[in-house]
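You will see two complexes here that share chain A, one where it goes with chain B and one where it goes with chain C.
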Partner chain A sequence: MDAPPENHFRSRPGAIRAWENVLHWLFRGATYLVLLCGGLVFGQIVWRGAQTVFTTRAPFVNVAFFTEAPESLHVFEYQGQKQELGDRAFNAFKVAHPDAKDVKDESYVYSAGGIFPCIVGTVLLVAGSMAIALFLGVSSAIYLNEYAHDSALVRFIRLAILNLAGVPSIVFGLFGFGMFVIFFGWNVSLIAGWFTLAFMVLPVVITASEESLKAVPKGFREGSLALGATKWQTIRQNVLPYALPGILTSSILGIARVAGETAPIMFTAAYVVRDKLPWEGLTKASDFFFQGVMALPYHIYVVSSKIPQNEYTARVQYGTAFVFLLLVALIASASIVLRSRLRNRYKW
Partner chain B sequence: MAPPSIPPPTTAPAEAAPTSAAPAGFLANKSRFRLFGLTLDGCIKVFFGGNAVVAVVVLSLITIFLFKEGGGFTGQNRANLEIYRRAGLEFVDFMRTQVAGHTALTRELSELRLRQFNRLTQEQKLPPAEANAALATFDKFSDQFDDAVVPLRRLVSDLTETATAIKDKFAINENLSIARQQLLAEGKAAEAEKIAVKPVDFEAELKPLLAALPDYQKAAADEAAKIAAALAAAPALPSPELQARLEKLKSSARAYVNGFPEVEKTLRSWDHRQPVPAARAFAAFVFGREWITQSFWQDWYGILPLLVGSLLVSLAALCLAVPLGIGAAIYVNQLASPREQRLIKPGIEFIAAIPSVVLGFFGIAVLGETLRWLSQQSWLSWVPGFPYSERLNVLTAGCLLALIAVPTIFTLAEDALNNVPRAFKEASFALGASRLQTILKIIVPASLSGIISAVLLGLGRVVGETMVVLLCAGNRIALPDFTAGLSVLTQPVHTMTGIIAQEMGEVPHASIHYRALFMVGLVLFFLSLLINWLAQKIVRRYRIAIG
Partner chain C sequence: MPAAISPTMERPSAQPTAPALAVSAAGTAASAAARTIIDIDHVDFFYGPSQALHDVSLKLDEKKVTAFIGPSGCGKSTLLRCLNRMNDLIDGTRVAKGSIKIRGVDIHGPQVDVIELRKRVGMVFQKSNPFPKSIYDNITYGLRLQGVKDKSRLDAVVEKSLRGAALWDEVKDRLHTSGLGLSGGQQQRLCIARAIAVEPDIILMDEPCSALDPISTSKVEELIHELKKQFTIVIVTHNMQQAARCSDQTAFFYLGRLVEFADTRTIFMNPANPQTEAYVSGRFG
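Showing the complex of A and B:
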């Protein structure tokens, strides 16, 4: 049998090739290491948090965790049995068992009950600030992309947006504190948090909106203008409808950012603990805007730094982190999925 | 809407083309509605333009408010330093520094004793009691050394009380005069008259303090004599390494004693009437090595420990994030198959979406503990700084911050790689270069400006990060000890962002502490602007080079 003819162009094993392989695997290793680290953080919190959030018995979800307010956990021994009760249950227990009146208990703040007020607060904060940010951001983007010509003012605006994007979130917090809380006298309130968060996320929204507007072909505008439509008619009927889905999906990333930030709301909107829900005990409608709220990220900060780490507190810590992470992850993945859908929908 | 106006019939013959007569009929009249002389479209344009200016307005408002709130700091700090001088606290602190110098030497001595003790018990297997007995002469020496400072320490603690009393008196007076001014402002002159404010006579109050100078001389002379005696009788240590350290200690003790006349000279020439220049009050912030607040003695607002802490944590994070982020970008952009790309990109975007407070919690709950456990394994003891005992430190925070920086660096670096024209790659292949040669010698250099700016923006992201450092950096306000080499990375630090988040909620409005925090915010703001500006400049400057 003949040996196959030698292929002179095949790559030969050698030092260069070996190097190439090594470096290839180094780059690949770096990539997967990053993913692994992210996965580890995610996995750890999901694994431990799921134990709080889900139960083995029907309805399989820890409903109380989602519907109750945080309260202190009392751990005590009564008649040889270890009991763990929340504040209210503990008081009821003491009434029911008069001999348990001065039972020795260890109490852990925020470790019982649920996180309902925090969820409500976060939803309110996100909704309000995104409404403001979307309004301002989309309008700015329309101006920059549709109306503005290359002038000194426009260049200055773009520079400001670029720099605004790099300002640390805690500086926005300081600014919000100095301006809204102190100077305007709004105190720690929803509305101060709204504006602080809205200004923080403004660059993200403007950039995203501008990109979507840019993606609408020029021909759409020219066609409309040629038919005699005014500039505003053109924008409203021939540009915005096609840009809107893109604007919204990209802005969802802004929502994830707003929901995830803690530093700006620490001293503008968030309370460590508040008994009343935002719609309770209002004497007039405007009170709604001028009240502080509890928020998920701030609650995580409080429970992870202000109370010790042990088996009783870990439940609420991981549970809160899990719910929060899931919320943000859902928003982020919705944006990622929608964006890839969108990319395939419009082709021009 | 009104129908378009019909042009008046032209008198010109029909076959003649209307060249430039009255407005043509097909032109819709768009300009009926007017507001301030603007058409409807103009109004809309102005409305959108107004919104676009918001970004500029916000940026300038941030600057204005940071300056407004932080602006009074220098003046207040000057007053703060002035009272520090006039109440004689500065005078006492000169002596206190001398005591502190002694304390540092004592600490070194006890460290030496611990080393020797460990040597005896672990290497020579002596029981602790016998080891202690063997160290008896050393203990005698170190006791003698310790005792030397006792008179001076006593003097300092007496004078501390005197000076604090003066300062308190002044503070009470200040409060009274503020109350009085408030009453006057409210128009209650009669009540205001009742508040008697006697200005503090610093000259008289300081007399007992200044009279203590001879006492100081005596105490210092006493200390010098005792230290000299102790050093003369110092025992020798068996191992050469420890002996060398002891010798070094001895020489630094001598240098310490030699510094006494200098202290005395400073004390003599000290004058409480000397004014504190504003520049010094500002320098005390920029170059101050201490951040001490709400102390009974003297508050210091020096940014250095916080700035150094911030930079140290950020550098640690970048050291991890830069190779990983850029490596991943190169892999995804140049080497990975399309399927892998579709998997990795969303994955890394997902990491970017993890809220920083969750990462911080992970650091407290898991990573800090894990890293400490790792550091205490014997097979890792060669790593500098290992083993360590502080669970929360630069390393813990740096690792988590790296995870925050990687997505930023990855995304921007990948963009930069993507922007390299295809022809570069093809030309390189055509010349027979291998894939790796092309990547390392053509594509990466061509996109280097983009990659550098990606790293800079990653740095900006990390420096401004708050929750992770607040939760995981250890929050010890002190300059890290750089003499320890790389193990500086296992020390706890505090950061600029962390201190604002931690203390802002508790300070009284318009107090000096409040203003100091705004000053820190100002530094942070300009630091981030500087980083941003550099990144833009680098991109703009070198982008053209690609052609």
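Showing the complex of A and C:
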């Protein structure tokens, strides 16, 4: 009988192995902590927001929250029963019950009704700033990547773009206020908000567009130029279509993120409250651009810090935050769908 | 030194019908004598500070296949890309001295629109670069840019070009599928078809077979034989057998200088320059 061969590969415990384990668990722990934070943030907003947004009775969605303007909430006791009614319902109630005329109520601003004007305002802000940022951003990315030769000026422009990306949002807000609201005399308006948000997202759009343009193989350009195409024909036919999925995805994601910023719009576009919806009461078409709007992030800011806090305002806060998250998720998933559609069309 | 050899003039003529090649445009159209179509005259070329071509002079004949050979970095591709000014795309490049004339016109002259030049001087690249469009759209790309919309004319050009590129029988049933679905060799022939669809004068080929297998290579080489009936072809190749098989004339470059230019037979059988002999016999490069 031969003895079993000696095992040269047996594990040798020691400091190095112990250190390996420690680091492994450190890295793993750090990763799980991120998951925990994310879960807590989302969990809290979804859990508390869902109580406002969804109801227990059919249609199970708080329709008024999505379709009505904010109102004050009146809380009072009538014939031994506690009532919570919005402005209009409260007035109707008083008409229906003349004896309730002198009932003692406590009112809480913005805690009844819905956030429809804020949703509309945010959608308008996002759409307009997206159009401006895409136009300016893609144009300058095309210039930088396709037309410009390497020079001191171009390097300086790139540096400026990098710096622009690092500017805090409140500074953009102040810039927009000074430039558009005061100097151009646009007042607090949609168009001032559009340009402020667009300038803020511009670095993202330019960088993303340049990366996407760079990813288009050189052979597409050379092949086209060698057939006697002009530069623009080449870009239009043989470069842009293939860069478009990347440009749109990154840009839309960037814009969705910027749409969540409060600081750039608080001086330039957002009203605390506005009775009219943006398409109501316009005397001429250009008025549309020069009106302020309500917006979701600013509304959250107002109801969480500018009015007395209580259980009733908390509902609106979390409800609004929840809807806002939904909206951003919607924009992001739209961009992903768009990308996969375009990718299938322009594959190489 | 290699540059001392004057390559263009005292070339022994391989074709019995061709008289000694005095370069005159007049009176030769009807005869079988080859006419100069590209006249490269003492060209110095720079990439920024580094000189890639030193005093290169060459006269290429119409409807002939001319091969540029030489080791990597010898300037043969650079010279080829000068002929349709593709080098314009690279920052800091310039022809510092000399001139390149095509049919007597200096292509760097102020009256020359590079777009028009490239319509007349087509190019096939080392890495086949079909556009991610259908085969049909690939072929019609150049014509459509010129504003041709007539469907029947486009159809005719597609068939003619694909037949010209010996690809018609293989793809005629799938003209509207992506050009990227073709094999490597087919893709390269598609690129050739795309180049001849705009009916250029001259076709430049930059190592067109370097990424192809031997069978595809031989197909492209046969194609080159066919194409020279209609087009002047300049081909850069690393493959000496290829140069020997499919070119009429061969120019050997080394370190940015033209070492020797002569009929392909002469270059391979009886080169005048010892460096050429060393290279074509495989002793270096």
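In this text, the second predicted complex is superposed on the first by the 318 of 348 C-alpha atoms of A that agree within 3 Å, B and C clash if a C-alpha of one lies under 4 Å from a C-alpha of the other, contacts with A are read in each partner's own complex, and residues count from 1 in each chain.
Everything that follows uses one rule, which is that a residue touches a chain if its C-beta (ideal position, glycine included) is under 8 Å from a C-beta of that chain, and two chains touch if they have at least 3 such contacts.
The structure displayed is predicted, hence computed values, not measured ones.
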Practice item. Tell me which partner A:206 touches in the superposition: chain B (first), chain C (second), both or neither. Key: first
Point to revise | If touched residues of chain A are counted for chain B and for chain C, the larger one | key: B
Check your understanding: Who does A:82 touch here: chain B (first), chain C (second), both, or neither?
Key -> neither
Practice item. Using the touch definition from the top, say if A:228 reaches chain B (first), chain C (second), both or neither. Key: both
Check your understanding: If you stack the two complexes on chain A, which partner ends up touching A:57: first (chain B), second (chain C), both, or neither?
Key -> neither
Review point. After superposition on the shared chain, which partner residues are touched by A:150: those of chain B (first), chain C (second), both, or neither?
Key: second
Check your understanding: Of the partners chain B and chain C, which touch A:104 in the superposed model: first, second, both, neither?
Key -> neither
Review point. Once the shared chain is lined up, is A:8 touching chain B (first), chain C (second), both, or neither of them?
Key: neither
Review point. What part of chain A is shared between its chain B contacts and its chain C contacts?
Key: 228, 230
Study note, to complete from the structure: Note: in the complex, chain B contacts chain A through residues 28, 30, 40-41, 44-45, 47-49, 51-56, 58-59, 61-62, 65-66, 68-69, 323-325, 327-328, 330-332, 335-336, 344, 346-351, 353-362, 364-366, 403, 406, 410, 434-436, 440, 457, 460, 463-467, 470-471, 497, 500-501, 504-505, 509, 517-518, 521, 524-525, 528-529, 531-533, 536
Practice item. Using the touch rule from the top, collect the residues of chain A that touch chain C in their complex. Key: 149-150, 217, 219-230, 233, 237-238, 242, 346-348
Review point. Across the complex, what residues on chain C touch chain A?
Key: 84, 86, 89, 91, 115-116, 118-119, 122-123, 125, 127, 129-132, 141-142, 145-146, 178, 180, 191, 194-195, 198
Review point. Which residues of chain A touch chain B in the complex?
Key: 16-17, 19-20, 23-24, 26-31, 33-35, 37-38, 41-42, 44-45, 135-136, 139-140, 142-144, 146-148, 156-157, 160-175, 177-179, 182-183, 199, 202-203, 206, 228, 230-232, 253, 256, 259-263, 266-267, 297, 300-301, 304-305, 309, 314, 317-318, 321, 324-325, 328-329, 331-333, 336
